[in-house]
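In order of appearance the chains are A, B, C and D, and numbering begins at 1 in each one.
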Amino acid sequence: MINSNSANIPYYQYLDHQGHLRLPLEDLSTNTDNLIDFYRVMLLTRTFDLKAINLQRTGKLGTYASSLGQEAIGAALGAAMSEDDVLAPTYRDYAAQLSRGIKVSELLLYWGGDERGMDYQYVRQDLPICVPIASQTCHAVGVAYAMKIRKQKRVAVCIIGDGATSKGDFYEAMNAAGVWQLPLVFIIANNQWAISLPREKQTNTRTLAQKAASAGIPSEQFDGNDVIACYERISIALKQARKGEGACLLEALTYRLSDHTTADDAGRYRPPEALKEQWQYDPIVRLKTYFLEHGLLNEQELNAIDVSCGDIVSQQVDEYLNTAAQTPESMFDYLYENLPESLQTQREEVKQKGLENG
Amino acid sequence: MTLLKTTEMNMVEVNLVEAVNRALSWELEHDHEVLLLGEDIGVNGGVFRATDGLQSRYGSERVIDTPLAETLIAGMSIGLAVQGLKPVAEIQFMGFIYSALENILNHASRMRNRTRGRLTCPMVLRAPYGGGIHAPEHHSESTEAIFAHIPGLRVVIPSSPGRAYGLLLAAIRDPDPVVFLEPKRIYRLQKERLNDKGEALPLDVCFTLRDGEDITLVSWGAMLVETLQAAEELAHLGVAAEVIDVASIKPLDMKTILTSVEKTGRCIIIHEAARTGGVGAEISAQLAEYALTSLLAPVQRVTGYDTVMPLYRLENYYMPTVKQIVTAATKALEYA
Amino acid sequence: MTLLKTTEMNMVEVNLVEAVNRALSWELEHDHEVLLLGEDIGVNGGVFRATDGLQSRYGSERVIDTPLAETLIAGMSIGLAVQGLKPVAEIQFMGFIYSALENILNHASRMRNRTRGRLTCPMVLRAPYGGGIHAPEHHSESTEAIFAHIPGLRVVIPSSPGRAYGLLLAAIRDPDPVVFLEPKRIYRLQKERLNDKGEALPLDVCFTLRDGEDITLVSWGAMLVETLQAAEELAHLGVAAEVIDVASIKPLDMKTILTSVEKTGRCIIIHEAARTGGVGAEISAQLAEYALTSLLAPVQRVTGYDTVMPLYRLENYYMPTVKQIVTAATKALEYA
Amino acid sequence: MINSNSANIPYYQYLDHQGHLRLPLEDLSTNTDNLIDFYRVMLLTRTFDLKAINLQRTGKLGTYASSLGQEAIGAALGAAMSEDDVLAPTYRDYAAQLSRGIKVSELLLYWGGDERGMDYQYVRQDLPICVPIASQTCHAVGVAYAMKIRKQKRVAVCIIGDGATSKGDFYEAMNAAGVWQLPLVFIIANNQWAISLPREKQTNTRTLAQKAASAGIPSEQFDGNDVIACYERISIALKQARKGEGACLLEALTYRLSDHTTADDAGRYRPPEALKEQWQYDPIVRLKTYFLEHGLLNEQELNAIDVSCGDIVSQQVDEYLNTAAQTPESMFDYLYENLPESLQTQREEVKQKGLENG
């Protein structure tokens, strides 16, 4: 028998933990402007994230899932994708969503318990956040199939967590993407935890990338806290998919620096030393070090970015907090294109309830 | 129905499964966003031949043989639909639809609502259902009630070739997700002349198949065979039964049923599914809520039992019979 | 209840989720065939802490953290059960139970029947359900009706710490598969003194929580909070409401409900789930079938709407209120 | 990226298509008595199979799924398993079931629409035939988990078809078996077809065995029409699992020589030449050739086996045909251990129906 853990899955890192370049920036890559954009998106995401937790703590937002420490993957992904590509995200992919033009206020509305947070003003074909784990993998197959038979040069991108790789949906989707050679890039944001379950108890595989062997599609790993690696590797994958070379699976290695959500207390299951160690690999600090060491940005310029992110978030939080409530009867208004007659009475009833309570 | 000129007539004699095939073919031909997917629907034309000939006519990109994966079939349909295509997926038998439920309930039926109309799911999931053909294990169940409980979904069940044709067209054209259940026992029961010109029937309305003053018989799918026979027997006994084909199980057109029962004062609901929590319960509950004072006798349900669908040797004992319907009606008529 | 000697008393003050924890712990300790499995139930003690401390007490072989895979959780439970173990699986939220449906409906609920009793499935699937806690999307639904339609299954819903304890013990000891739904809105609502000595309550019977002559209020789970409050308000209006906690949604103890309604002549059914095809429909249908002549007013259902459960800003509009119950009761009482 | 189709999956064949030994019989292996037993089971299965089709054609049996051409896998598996191991089969694994002691009459009862066909007189812990594709994979995980924590030296064996490898259940099960190192052997009876879908449209992988990489468990392929390969390779896998070395995935390459079921017409989708070619690899002929060439059995002895299989099947068919019907009310009698009071009326009703019709 063959030991299925023996495959040599390639691993890519460009910018190491100390912020030093280990591989030359490639042709297709990352000029300084790009890098600054990545930085901006990562920082915006983190600023949003901290603010969201704050809003939750003060009763102005519901349960919230933080993306602390995972900003690099999304920042790179958002930049690498074309506007008319389609993203099928989880609940932790704000960086990608913000980079693609989804508004902070929309994300807040969603976590604030308002469906309008999924009615994105831009990238209107992107799928909304998928809470049931891994379901969006099969949705992405359909999206990519549509792109393929319409002979469009578009790509669907599906992000999932490490925990999602245990769900059957993921394999059914990968397998189909392989059979039909779809323009579909699967990205695993492997943050080492699925709530309390550590990666090594989720599966016996040495890598998650090797799971692509079940679908006969190519795969690789890269450092998900190295925004350059993320951008380079995702760009190559997208380019291949766009050229008609089919689907692939990318495993981005990162770490969830936060609790699972604001309803979770990771202190119950996560060793504090592990967390402490992982803070060393913070993707934002790493890029900042690189900027400073190479004189690409100085403290003042970095500070300006910081301030501008703060401004955007404040302005968006205001927009969120000032959004007028939906009417209670709106719960009927998007159920079907035309509300069936039989539901009119119920709609009236809840409208009445609203008037009485309002 | 509008009056058609002779040139617009395309009369054919078809049975129910052929009517399904015609409707699919019509829509594939006239709407390029329509595509079919499922297990064995391509070269093989589906295990019941519902898609016979369609792959060779419309190509394997639009008539897709999928891997054996129901979660994929439903999930992928959602992805196709949000991109503006109109997928019509076949689940080979209703007994294998449950892996698709997560996608139906948590995603397809909610996509419009979740995104406040930004993304929609104009998809159809077709599945043959029901017993009575001596099929193997898991090939004979009727669990339409599970789907009828899901907000945002439509559930449609035809009971004749003509209604299969017209309702399937309507389902495909509907902008929201539809579970379309085909009573396989009557796939080939009888032929009917129909005009294969792409005319849809309305969804969300019941069809009154027979008028009567004395009692209302409400059913859907294959059980209408026994229901209509029972009405015939009752006629011999001097009882005029009104027969209603619910057709759209969800949303439910209670108006037609209520109007009828307000007239007759008596009602029997007939379905093959297990009694407890079947769609009959909802109809009966609404009658009790909105027509209580019209009821001259308790509403009775003649249904399958609350058992696992037996393997085929005993399945006929499970299935409601003409005799059971007539007995129930007779009992209802005994109330003063 | 048998009289216990003082030494046999182990009185504790617990809320509902602690009662669940106690019942699990009792059974793990006293029956070595019992084991728990699910996502995050081990070290983390479950996202609601229902299994808090149990892994460290009973070991990680018996309190199993599974990979993130609901089909596996249900399917594996079947395998454990046919080997004579008594798995108690947790589905983290009811919104994620649908991938398990195939195993529940096609396998667990049928194993005994399929093998004529050779293999059985003494398993429990626990899941927190229902709205009202401002939870994220997909974390607030009530779809108990789907399970109540499945022959061979039991569906049990406690509404107090004591009933959670006694019914969960009964569910674990029951030789057949049980879906045990925990109303998470009342997980921590109130503490109750209970004797943690492993005494089970009977399944398949309703509990009458309050006696009354004028009207019967039937409910289950968290909605009993509003139902009991409504009964209190009605009392102030001089109306004596009888309050029944159905508790075992399947099989359904209609006897208790029928007896009550035969006495009161009026009935309101209250549930959080969407109205159409909810369990309320079955109860109402049976009342109309077996107690029609006792009914002095139409049976009304006060329920959630036939909409997708809204995100939390609007969820309170979705949930039935005390006022709605009182209004319905008042209306029922207006019938002569 | 790594091409996930490049792994070198080992393939084993002992007895080649011409009936020549290509590898020496190994130590743990197959003496002549074993071989004769395999032959007997394969022939019994085929005799049963032909008879079943006959019964179906004459209206004495329902739809039936033939195992024609796939007898070697089950014959070897049945011999390799211990009696108290547990088999989780599909609907096409009669050879294994018969070898383990399940009766021809039981199989006939099942396909004859009678639940008692799953109340096996022997191997009472074996799972009944699983019709919903791949569901038994997760059941087998539970069985194996029970064996493991009870510290029994037992193994669970789960067979699935090539089509089943597209279902999520299979991956969820393999993954769990890998995580917990369960005594569980998965066998794919790859007969190249899932009803009308050929193996190459089911998945893009070069082998099905490589799908084990998604669970980090070992795997291999072997010639599923070579009963010696089947026995050798399955025995090794079982031994490993029994020793506590965990789960594995075996892909047995075979071919469905029949229609999918009696309700199917493979002529609609399967090229006749392919079928003709595959008949050359018939596992029964192959072993017979080996017997004759090595003088292990002569024509007369082979004939005697043939006759005895015919006798068993006739006798069992009689038993089947003479089995008294179940009462209609039996549909209530195994629904719950104790029939709930609320169902007593329904039970009476169907009993009455039976009396009236009987």
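Keep this in mind: contacts are C-beta pairs under 8 Å (C-beta built on N, C-alpha and C of every residue); 3 or more make two chains touch, one makes a residue touch a chain.
Predicted model, so just to flag it, every value in this text is computed and none were measured.
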| item | value |
| --- | --- |
| Shared chain contacts [chain A and chain D, defined touch] | B, C |
| Of all other chains, the one whose Cα centre sits farthest from chain C | D |
| Centre-to-centre distance between chain C and chain B (centres being mean Cα positions), rounded to whole Å | 32 |
| Chain centre separation (chain B, chain D; CA means) in Å | 36 |
| Separation of mean Cα positions, chain B and chain A [Å, integer] | 40 |
| For chain D, residues contacting two or more additional chains | 115, 132, 166-169, 172, 175, 179, 201-203, 331, 335, 343 |
| Multi-chain contact sites of chain B, meaning residues that touch two or more partners | 67, 69, 71-72, 95-96, 99, 102, 106, 113-114, 137-138, 151-152, 252, 305-308 |
| Sites on chain D touched by chain A in the complex | 1-5, 7-10, 166-172, 175, 178-179, 181, 201-206, 209-220, 236-237, 248 |
| Residue numbers on chain B that touch chain C, as the complex places them | 71, 95-96, 98-99, 101-102, 105-106, 109-110, 113-114, 137-138, 143, 145-146, 148-149, 151-152, 250, 252, 273-274, 276-282, 284-285, 287-290, 292, 295, 297-301, 305-308 |
| Complex contact set, residues of chain B against chain A | 35, 61-62, 66-67, 69, 71-72, 74-85, 87, 102-103, 106-107, 112-120, 151-152, 154, 175-176, 204, 251-255 |
| Complex contact set, residues of chain D against chain C | 86, 88, 115-116, 118-120, 124-125, 127-128, 132, 135, 137-147, 149, 156, 168-169, 172-173, 175-176, 179, 331, 334-337, 340-343 |
| Interfacial residue positions of chain D with respect to chain B in the complex | 62-63, 91, 110-115, 129, 131-133, 163-164, 166-168, 194-197, 201-203, 261, 263-264, 268-269, 325-326, 328, 330-332, 335, 343, 346, 349-350, 353-354, 357 |
